[in-house]
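Before we start, here is the structure in question, set down as structure tokens.
Residue numbering begins at 1 within each chain, and the chains themselves are lettered A, B and C in the order written.
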Amino acid sequence: MSVLEVRDLAVELMTTAGVIRAVDGISFSIDAGQTVTIIGESGSGKSTTAMGLLRLLPDDLAVISGHAVLDGVDVVTEPKKFAKLRGRSVALIPQDAMTALSPVHTIGRQLGEAIPRKGGASTADLNRRSVELLEQVRIPEPAVQLKKYPHQLSGGMLQRVLIAMALAVDPVLLVADEPTSALDVTVQAGILDLLMELQERTHVAILMITHDLGVARLVSDRIHVMKDGKFVESGEVEQIVEHPQTEYTKKLLAAVPKLGHWDGEPHHDALEAGPPSPYATDQQATVRQATSSQATTSPVTLNGAHP
Amino acid sequence: MLTYVSKRLGQSLLTIFLTVSTVFVLIRMAPGDPAYALAGPLASTGDLEKIRISMGLNEPLLTQYGIFLKDLGAGNIGKSYSFQAPALEVVMSRLPNTIFLAVLAILLAIVVAIPLGVWMAKRADTKRELGVNVLTIAGQSMPDFWIGIMLLTLFAVVFPIFPSSGFTSWSGVVLPVTTVAILQIALVSRMVRREVGTNMAAPYLTVARARGTGEQKLTWAYAMRNSSIPILTTLGTRFAGMLNGVVVVEVVFNWPGLGSLVVRALETRDYPLIQATVLVTSVLAVGVQLLIDLCYPLLDPRVRLGKVSVA
Amino acid sequence: MSTVNEIPLAAESMKRPTAVTKRLLRRSSAARRERSAKVKIVLGAFLTAVVVLPIILAQVLPLPDVDAQAITSRFLPPFSPGHLFGTDQLGRDILSRVLHGGQVSLTIGVLAVVISGLVGVVLGALAGFFGGWVDAVVSRLIEAQLSLPLLMMLLLVVALFGPSIPVITFVIAIAQWPEPARLTRSLVLVEREKPYVQAAKVLGLPQITTLVKHVIPNVINQVIVVVLLLLATAVLMESALSFLGAGPQRPFATWGRIISDGQDFITTSWWIVTLPGAVIAILVVGVNLLADGLRDRVRRRKGAAS
């Protein structure tokens, strides 16, 4: 059974400039343990989709219609009931870790708040659980970090803290809204690795929002390419990357930075060695696109845009 | 942290120094003989000569300035001729009444303005909020002495609930405090509305909401807590302006503070008294602002832990 | 993103009607903000006009002479025949006094604002454009002045130099220069970084020419809104000074003077104080509402543009 089932979802934003249909009838679903990625440029409606599904857009700004069922609750028609799911069965990993935490509260205070309090849990229990969570996201000296304020940690560390917060509740769905785009490339890889490892262990479903095909390529089971509020192309990772059907997707693929010849080494050597990192996958993606565009002459048809 | 404190201290000292120098320049620039101005209309020729010598009026200007500063340092601002007592003593004896009025008014303002401002932020631009918003604009723009006179007419003359003047009983405190507080409530609540509004839309608040934090906690523990930092700073800078208002309102209610003193000093051209009032209120305002700024690191860990410098 | 009216004519999107109802739209934050700004602008403009127009037309309107005293018609309440606002302790028509007094008060205000605006814009622009020690000096001065209870200092000046109209105008101007200065400085700081300033530098244009001919004209519009707001503050300050006994001396019946003269008769003739005060309040509230509404609108336009 799907953790999240979205059918014909639309989000309309009422702005001064008029009503804008930021999300225009998209459908997809995510199963437990699966990662589904929505990829698109900024302004394509991908983040609006994520925020709309979490009902984090103000009611006096956004009108949501269509169907979306998360963990048995209708997101569109039962906003009150859904609000209780936030921080229970669904959690968010936000875009910019540097601004995602209150600057005047300690890490421990904010993490502690995310931890569900079962009857009779003492401060010591809470503390122990906090330390445990930070250990899970591989933060060194967790007990020390708890007493620190957000400005004392690096962006990568903060993103780990935010992931720990998301994990605190044992969610069935993680919504990761560009979780690495504000981070250094080297840090990005670590965060993505961590997410994948956690998914393997907890079997959480992930909705990944990104503009970076390298990221999408690395983590996704399925990819939906979004443009102007619609999915222009959907499919398995290999299909999208190797046989893009639309000009838009091809452009996205072309936008991935090309690396490889800078050190004079044949780039496939670099591909085969080392752990997966966005760099490597970027390369892979690029290389594959290059090879496939040379080798393939007949376009491969995708089986429908919607699963 | 240490640089922050020393910077603040430096700014305060500079402000006081500028005030003192301005007063010196003004008195020397004024038409007529400063000795005559400072001695008052009833002074004898002998008195005038004494003042001339003590002020060093026959010396070069720089020496005069030195003497002026030295006198100030010794707390000697001259003698008030309408009170026949040292001007500084007269001012200091009235100061507690002014501070009392200001403190009560600011407390009342904070108690009312914070919940009001939070309410305005959360109901922004609804019909009711628009009504309250217009009222706060009115509250911050009406002349404070006129508000005082209106309250006085209404609650002391038409409906004699409160005494019209003086400091005789606690009920006499109600109208002056309310008058001063009205302007402050309007200013502070609008500030709270703006700050809380901004913080309610901040990314960290959305993230906190996403992890299931309740609306009350989001509003007070997060948005209001983060807003308290800029609000406190602004309150510090506004204290000087508030002191102006207090002085004017004191006159309306015959409050025995600096206001009525200053009016009397103006009527009698009692320059040493006005000079003392200028200096004492300046030191008070600068001191309060310094105090508030020194509390700032307690509220903001970024300053306390020395990562960000506050402009 | 496509707006609803320009949805591409694909068959799929044609099928889907908008879920945004008129009611939702009316209650949207964008519409509510627009309404708030509109209400404030209209109300503010109305209140301002109600006070300013009669003052401008005071000479033309059929009003009793300002200084015409009449022992027989002292303390007439409002709506007495021929005296809409009633008369004062000397039998003078209060409406006439308020309107003519308003001319003096507004003239003082306008002059003071022009001076403080000029001083503020020049110093703020120099500080923002050149930075360094110029900026340090101007900024410290602004900070110092803002942290002082300036009213006492102004009273000292008036006491020393006499309560003439030039002195009072000057005093108000001095009290107000930090606001436009602070604003101009921050606007110029932003403007300075723009490419055209760099281009002018490369072309070898003298810096001061760039500042005067290009930078200041680009920021002046935003400063003017604030300067207008200062006019209201200037009127308030004049009335407060007059109330404390440091206003222009008779025969100039400024607003503050009328109020402070009438204060002795509060218990018997409330209108002598109440009505002139109400006129000041209406003007200042009107200007503030107008400015607030305009500011909201400008801010929103900018937000929509970015």
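Here, a residue touches a chain if its C-beta (ideal position, glycine included) is under 8 Å from a C-beta of that chain, and two chains touch if they have at least 3 such contacts.
No experiment lies behind these values; they were computed from the predicted model shown.
Between chain A and chain C, the least number of touch steps comes to 1. Using mean Cα coordinates as chain centres, the one most removed from chain C is A.
Each chain gets a centre from the mean of its Cα atoms; for chain A and chain B, those two points are 52 Å apart. Distance between chain centres (mean CA atoms), chain B to chain C: 22 Å. Residue positions of chain B in touch with at least two other chains are not found.
Residues of chain C in contact with at least two other chains: 29, 32-33. Within the complex formed with chain A, the residues of chain C that make contact are 1-5, 7-8, 12-13, 16, 18-20, 24-25, 27-34, 300, 303-304. Only residues 51, 54, 56, 84, 86-88, 91-92, 94-96, 99-105, 110, 113-114, 149, 151-152, 162, 165-166, 168-169 of chain A touch chain B when the two sit together in their complex. In the complex of the two chains, the chain C residues touching chain B come out as 29, 32-33, 35-36, 39-40, 43, 140-141, 143-144, 146-153, 155-162, 232, 236, 239-240, 243-246, 259, 263, 266-267, 270, 273-274, 277-278, 280-281, 284-285, 287-289, 292. Chain B meets chain A in the complex at residues 202-213, 217, 221-222, 225-226, 229, 299-302, 305, 307-308. Chain B meets chain C in the complex at residues 11, 14-15, 18-19, 22-23, 26-27, 29-31, 37, 124-126, 130, 133-134, 137-138, 140-146, 149-150, 152-153, 157, 237, 240-241, 243-244, 247-248, 251-252, 259, 262-263, 265-267, 269, 271, 274-275, 277-278, 281-282, 284-286, 289.
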